[in-house]
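Structure incoming, see below.
As written, the chains take the letters A, B, C and D, and residue 1 is the first residue of each chain.
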Amino acid sequence: MTIQLESLSLDDAQRVITAAREKAGEIESPSNVAVVDIGGNLVSHIRMDDAWVGSVDISINKAFTARAFDIATKGPLGQRSARRTVLGIQGSNQGRVMIFAGGIPLRHDGHVVGAVGVSGGSGEQDQAVAEAAVAAF
Amino acid sequence: MTIQLESLSLDDAQRVITAAREKAGEIESPSNVAVVDIGGNLVSHIRMDDAWVGSVDISINKAFTARAFDIATKGPLGQRSARRTVLGIQGSNQGRVMIFAGGIPLRHDGHVVGAVGVSGGSGEQDQAVAEAAVAAF
Amino acid sequence: MTIQLESLSLDDAQRVITAAREKAGEIESPSNVAVVDIGGNLVSHIRMDDAWVGSVDISINKAFTARAFDIATKGPLGQRSARRTVLGIQGSNQGRVMIFAGGIPLRHDGHVVGAVGVSGGSGEQDQAVAEAAVAAF
Amino acid sequence: MTIQLESLSLDDAQRVITAAREKAGEIESPSNVAVVDIGGNLVSHIRMDDAWVGSVDISINKAFTARAFDIATKGPLGQRSARRTVLGIQGSNQGRVMIFAGGIPLRHDGHVVGAVGVSGGSGEQDQAVAEAAVAAF
């Protein structure tokens, strides 16, 4: 009756983070990068030199959000909030829900096993770094 | 391998605060003024007589925000939030992110060494007081 | 029917803080010093160079506690907590109640008008700095 | 007038974390390991496979505490709390102060530049992992 889950390991998280760091260096967008597991709990985090202190929290919470709702933080959540179908959702979960670009679920064989969150530059930059992270997974 | 940083001293903070207080008196906008260091941590704060109690927190958090993202709280952050590129960012960092006028980074030789935050009047008044503070630095 | 209150001014707070800073320098105990008014709300704060970052919060909350209960944080509160007559009181007020030395009410004509809180060294050092602050009031 | 500070880099933090992970593997104590910089802000974190989810927060806060008070969380803080000279200090700083083994400041040329925090096993295990981390710095 129990449920079988699949989650990412620390090695997976570090591989994802290494790819994100490389991409962030390439596009010169010093970033915070966080990875959470199937439970939405932090597995690993880095703040690159010169990255914003205020983005520690945002990167972790973008990853949390992407796993908490199995959805990219870019687009769907923000758009629904703007269209008022989930108006104010960012106030739920003790303010941990982030509704702008940079958080993406990590999937294995089609199902979510964790998520990555990036914060450091513009939405486009954060998204590019997060996509590089996903590609490495 | 370690990084050399520069931060402001208590004397710096007090000079900044004295200038802010003078400006606030001049434009009759009783204010809270706070200064944080390179780590975003509080160095000094004043609440002028008749200034709002609710602005203690706001002044400290405007200073925190200006350092946490190396950006003035006026304009960029608020505008981006309105344009939805960082929609809801004010809910991050445990609600410490302020996205209206009054917080400005303090720079020395071009790099940020701390920040000042002012809360007490209209956005224009807070900004004027914060700018007087920056000018004294 | 209304109540007449007396509270300290920003000038009072700064005089108190200047005396505390001088004493702290004298005994070589870099300190955070905070002053709250009759409402228990922050009027002014300083963190001396080299003082602990973790003591920002403690200094403000020692001052809050001293005014919140019109009592020195040294002795009575800690002793009562130890004797279990106010067991766990430090968990009240969202964790803002400090029950060790360094917080003292500020009185004028015998009634409390605010309080000072000091954090930076041993209990004896914090108490000495707080007493110098009180003496200057 | 500004102050020259030294802080650790992400490379420093990752070297420290790698050593901690190796030691934790060796003594079979799956751990969370966190490193903060001179400002007490998170630089990097890992949660090893099978390490406690509840220790994410504890590892980060042990590191914060070790920097916030420039002190090992083992011994001094816990002992003083037990001796009642800082009774209840763990309630300060929004509950972020940890007063048991596993947090140690990281020093360069004698001055603190950050801190490491470990949570995962017994106090002895956490301390052993943290000490291995310090040795690698």
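Note that in this section a contact is a pair of C-beta atoms (placed from the backbone, for glycine too) under 8 Å apart; a residue touches a chain by one contact, two chains touch by 3 or more.
This one's a predicted model, so the numbers in the text were calculated from it and none came from an experiment.
Asks: Using the contact definition given at the top, which chains are in touch with both chain C and chain D?
Replies: Touches both chain C and chain D: B.
Asks: Looking at chain A with chain B, do both copies bring the same residues to the contact (over half shared) or different ones?
Replies: Both copies, chain A as well as chain B, present different residues to each other, with under half of the numbers appearing on both sides.
Asks: Mind checking the centre-to-centre distance between chain A and chain B? Centres are C-alpha means, answer in whole Å.
Replies: Going by mean C-alpha positions, chain A sits 29 Å from chain B.
Asks: Approximately how many whole Å separate the CA-defined centres of chain B and chain C?
Replies: 25
Asks: Just give me the whole-number Å value for how far the CA centre of chain A lies from that of chain C.
Replies: Each chain reduced to its C-alpha mean, chain A and chain C end up 42 Å apart.
Asks: Counting only residues that touch at least two other chains, what does the list for chain D look like?
Replies: Where chain D meets two or more other chains at a single residue, that happens at 3, 9, 39-41.
Asks: Specify the contact topology among the chains shown, as one of line, ring, star, complete or other.
Replies: Per interface graph, the chains form some other shape.
Asks: Okay, what are all the chain pairs that touch?
Replies: Every pair of chains meeting the touch criterion: A-B, A-D, B-C, B-D, C-D.
Asks: Which chain B residues qualify as touching chain D in the complex?
Replies: Checking each residue of chain B against chain D gives 1-9, 11-12, 37-41, 108, 113.
Asks: Mind pulling up the chain C residues that touch chain B in the complex?
Replies: 9-10, 13-14, 39, 41-49, 53, 56
Asks: So in the complex, which bits of chain A are touching chain B?
Replies: 49, 52-55, 57-58, 61, 78, 81-82, 90-91, 95, 97-101, 122-123
Asks: Which residues of chain D touch chain C in their complex?
Replies: Contacts found on chain D: 3, 39-40, 64-65, 67-70, 84-89, 91-95, 97.
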